[in-house]
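The two complexes that follow have subunit A in common; it is paired with subunit B in the first and with subunit C in the second.
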Partner chain A sequence: MEKKKFDWKAITSSREMSLVIVLILLCAFVQIRNQSFLTGGTMEEMFRNYAVTFILALGMMCVLLTGGIDISIGSTLAFSGMAAALLMRDYVISTPVSFLVSIAIGAGLGLVIGLVISKGKVPPIVCTLGFMNIYRGLTYLIAHSQWVAAYQFTDSFKNFALTKYLGLGLVNNMIAVTIYIYIIFYIVMKWTTVGRRVYAVGSNAEAAAVSGINIDNVKIGVYTLMGLLCGLGGALWTSLYKSAQGDMATGIEMDVIAACVVGGVSLTGGRGSVVGVMLGSLTIAIIGKALPLIGVSQFWQNGIKGLIILAAVILNVLAQRTMDKNNLKRREM
Partner chain B sequence: MKRKVLSVLLSVSMLAAVLAGCGSKEAEAPAAPAQTEGDGAGETEAPAENEGGDADASAAGAGTFAIVTKASGNPYNEREASGFEEAMKAMGYSADQIIVRHPEAATADAQITVINELISQNVSAIAIAGNDNDALQPVCEQAASKGIKIISLDSTVNAASRLTHVNQAGTEIIGQTLMDAVLDLSGGEGQWAILSATSQASNQNAWIDAMKKVMEGDAYKGLELVEVAYGDDEYQKSVDQTQALLTNYPDLKVICAPTTVGIMAAAGVLQDKASEVKLTGLGLPSEMADYVGEDKVCPYMYLWNPIDVGRLGAYTSVALVNGDITGAAGEKFTAGDMGEYEIVEAADGGTEIIVGPPFAFTPENIEEWKTVY
Partner chain C sequence: MATKSGRTIIAEQKFSWKIFFLKWEWLLVILFIGINLMNANLSQYYLSGEGLLNATNSFLEKAFVALPMAYILVLGDIDISVGSTACLSAVMLAYCYNLGVPMGACVLICLLTGTICGAVNGLILTRFTELAPMIVTLGTQILFRGIAEAMLGDEARGGLSTVKWFSDLYWGKLGIVPIMLLCFIICAAVFAFVLHKTCFGRRLYAIGANKLAAEYAGIKVQQIRMIVFTLTGTFAAVTAVFLAARMGSTRADIATGYEMEAIAMAVLGGFSTDGGKGNFPGLVLAIFIVGMLRYGLGLINIPSQLMLVVIGALLIVTVMLPNIRSMVKIQKKAA
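After this line comes the complex of A and B, so read on.
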């Protein structure tokens, strides 16, 4: 009996749980306003449309864990997606090749950012602000400010976002890719030395360096990883929308950072979990999908979005504080 | 050691990139004033230009002419600007007398910044596709007070801010054409919705108002406009809005998207869902080629030629600077090989020049147009 009571307290005071409660309340409210929200069709659409946000949030979490930030992700995504789309238009490459090309380009762009930040000792926000503009400009340049339109893609590429062959016939390819990546990240971040090193660099860089971790390499690694995921995101994005535009994914960095912060990732580094990021991304996705459905004027929707994000973060911080206090108490005993 | 070399190399290359960036900007900016200074100094400059190998320039007058589009990265705006450049060159102006500016974002703020730069460059005329009807008035008046001829094209700035407006097609004609398409596709009755761009876009709002006015007629009694959704000309947002329309109104028969981004986003959604909802509106044939067809989501749609809008904008700017016209209703002028145009009264109290009626893209002609623009 007593044990049960203890569990309940632990659950309500955990950060992830506070977010789950917010999400349940949010969904319940939307469902009352519009019965079609919690249906298979709407949910599938939501996860498909926001798969890219889900995936990028994982990369952003790693960057934030090391105490950095990357605001160039929208531009990296656009450049790699556009480059792959142009290759498909002009040289008719196959779907797997275009995905690999996009991922490789994205990783390359991320590597450059990582090198400048670690070796050039440039503050991450300044460096990625610069590259945000550089990569976006390059995207317009390589595309000559044109779009790649639906009829210029191969059928197999366009069908990627509509079929389920990667999801064992159960879930859409976009969603399947997201799930696989979350599983990999969960394992790597929790149980491998690689994952623990990322946490170590963010929570105490000096201690990490003393214990033999090459901080520069970890930093280069996380920005390259971020770029790699952007490259994947670029291919997924063009396949989902069947069109590549120079201004695609503009502003996505704010949604992705919001997803991380809502999910309890600390902007000062060292703190954050894969489960939290998943819940944070889910919050952003639900807000984006649900607001047009509840019948409020569009002019209110942005304000409501901001309020929900703020509320989620405040709850999160409060939960964290109770948790810290409890830990402290336990230590005193 | 290796690392040090690498970091030095990186910093040097970054510095070089930064310097290159500054350099090109500096080189660009003074070029225009230098040009106009030359004009101010008198005719002595003109022959020098001809010696420079620009034979055509002798036919053209002096001055620099700017076009400001809505935003960068949109093929429609690119075509508009290319038409402007093409007509200027056809009239014999040299490349450095033509300034094409695409603002970073489709906002009035971004355009105000650009116009301020153009004022300090002392250009002769600015043709602008307004991102906001009223917000640009102060900066346009400031430009006009410096003697710069301001016209709008594609999307208006208010009557007080401009001399005249190059209208791609009459607002009433567009409203009528789109409403007839909605009536035809819905089979005479049922629910329909509009997917627009931003809620402040002056051209979008004028067309939507025109459509609502047409809908008051008896023939359109059976139609019910359920919602005007705004996708902000962003692809993802337009997709979300289209999906919400389909979820909220299961009986929806037609979506009308009078914006090139919106119609393309909506077409993708409808095709993915194999929806029965029909789509029409204003779209670029190259972007819509996959969706226009007998059994496809968009049976037909409309647009004008953005290249022609840009070209007429160029001819109008030049006629104003040369003093051939003042922008008053009733004046006539010849726009090169486009023929003669007349300035007419516009609904907002200003004047306008109408390029022509909207052009229908059907399954029969889409294949030949998709490679044009």
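After this line comes the complex of A and C, so read on.
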């Protein structure tokens, strides 16, 4: 759905265009094997189930743009989602309030990570590795290792993932939230000072500092934003699966990082676009949804996913090399 | 010796007690003593010689992979596929054993599998030097785990404990010293020697400190990276052997998260993820700190979730402490 909206932009960049071609081929292949793939129902289900991955990939893009990384997102998501679910169980708060609580908690957790990284000068991977353990442990502790089950949620919360009021009656709420966030990010990252600052810090931190950008604040900002999106993801996750468990979203960080990298975000910072991230997430979602549809055993899925990720990044490098070579040739003439 | 500019270049730093005691390792030593005191207070049985030796068995199998991980961190690289490599190697071992291959050959196959996995990482990383090691090993992490899953599905392959010498690798003892502890001491000594006393080790530091300069100095950077990544695969398989010996069976979901534990141990031991830093005494201390802390908290039935919190906090605080100290110093100077 979002793809159509941004397709004309993607054409301007060949890197994203190649990904689009791969995606089309992938979809065509799956469609030939199983006719039910490119239908409204399957697509809606796919976008609904992967909405959280889509959203988190945006936050991860910002973190990667500054040259950092955040592998604690699964735990942050679990903690904020669990905290909001527990509040709903014990105090019966309304749906919007529970979303706000989850988002606020997530932002708080992200702020802590940002402070430790920027002020404590701890390398991002080490810091988020530590917080991955801490937040996951705390999730179990606040819940006393119990679940919050479906009957303990209010009906309006459970129905959030099923109804369409945010999508103006056209698309599911989950998808609508995803689309809104993508539009906001597209505008902010491309046309506002805030967005350009994130790119500036990532491509050359020293130059950015000299030109008056407070690097620490930008870093704190992106990790807080990441946490905020995790909080939102936590609420969406609990409402989608109608339960909150201590081990929810374990390992989602790998999916999200993979989505970003397949989408062309550089791990060394400064490179990446919202459209690319969307295509990358779409790739991950399609792989996850299509493999069972064409009869691949679920035990083969990880192997194939790993292969596709490796192939995507290697192809990306090869494409870049030929592009550089061609540019060089043109200059010689 | 005095140069023309009047500056003196001292080849060897003068020994100073202040610098000696401000080393990172002392922080670890203090932590180590503190944790052992705490454990001794918690349980009166803790401080018996045999009990201490047995305690090492509860965590050392993971420590094998922390040794080459330290090399990788010195290079400024990272490898998050070691858990999956260990899993695939262990699955290979059990798979072949159940096909009727003798156990000795199975162990060799296991080690070979790990080596191949490591070599795959190394090959991709050295052929495509633009790629960040994080993303390549993320891909292989999923891939290796996927192959293991494809081989076993959700079954378990067992019966490994029927071979006496194999389960003795983990459970056996020479006198009162567990065999695994002996193996670990030997491996750690060799790794430490190579890193600190050989050309190869110094080259690792050179690459970690400045890859480009190292290359200009004639060091074959990519060749060394290839060796180190392959070595990491091999040692992930060593971990797999001990793990299989411990459990007597394997599944496709074992050794999950080992990469993070290995990285945490190495970082706690003073190895920086930026490369070029760290030494082995620190690493060994860190391995025992994390292990003994787990063991001690286990003695008093601390829930494993709380243990996660404690170990995560320990990692962050110890890495942050020296930074805060230097920050305060800078502020003092500025004032």
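Keep in mind that, in the parts below, the second predicted complex is superposed on the first by the 306 of 333 C-alpha atoms of A that agree within 3 Å, B and C clash if a C-alpha of one lies under 4 Å from a C-alpha of the other, contacts with A are read in each partner's own complex, and residues count from 1 in each chain.
Methods note: a residue touches a chain if its C-beta (ideal position, glycine included) is under 8 Å from a C-beta of that chain, and two chains touch if they have at least 3 such contacts.
On a predicted model such as this, the values are computed, not experimentally measured, just so you know.
Partners subunit B and subunit C, brought together by superposition on subunit A, clash.
Touch criterion not met for A:23: it reaches neither subunit B nor subunit C.
Which of subunit B and subunit C touches more residues of subunit A: that partner is C. Of the two partner chains, neither subunit B nor subunit C is touched by A:171.
Once the two complexes are laid over each other on the shared chain, residue contacts for A:209 go to neither subunit B nor subunit C. Using the contact criterion defined above for the overlaid structures, shared-chain residue A:151 touches subunit B, although it does not reach subunit C. Within the superposed three-chain model, A:116 lies in touch with subunit B and with subunit C [touch as defined at top]. By the touch criterion stated above, A:140 is placed in contact with subunit B and with subunit C alike. Of the two partner chains placed by the overlay, subunit B and subunit C both lie in contact with A:299.
In the superposition on chain A, A:309 makes contact with subunit C only, while subunit B stays out of contact range.
Of the two partner chains, subunit B is the only one touched by A:289; subunit C is not. After the shared chain A is superposed, the part of subunit C among 60-68, 114-122, 150-158 or 222-230 that runs into subunit B is 150-158, by C-alpha clashes.
Put simply, subunit A uses residues 116, 120-121, 134, 140, 145, 246, 299 to touch subunit B in one complex and subunit C in the other. Within the complex formed with subunit C, the residues of subunit A that make contact are 69, 116, 120-123, 125-127, 129-134, 136-141, 145, 246, 254, 257-258, 261, 266-268, 297, 299-307, 309-310, 313-314, 317, 320. The part of subunit C that touches subunit A in the complex is made up of residues 78, 124, 128, 130-132, 134-136, 138-147, 149-150, 152-154, 252, 260, 263-264, 267, 272-274, 303, 305-309, 311-313, 315-316, 319-320, 323-324, 327. Touching subunit B in their complex are the following residues of subunit A: 34, 36, 42, 45, 49, 115-116, 119-121, 134, 140, 145-147, 149-151, 162, 241-243, 245-250, 288-289, 292-293, 295, 298-299.
Note for the complex: subunit B touches subunit A at residues 3, 6-7, 10-11, 14, 17, 71-75, 78, 102, 199, 229-230, 234-236, 239-241, 243-244, 247-248, 264-265, 267-268, 272, 286-291, 370.
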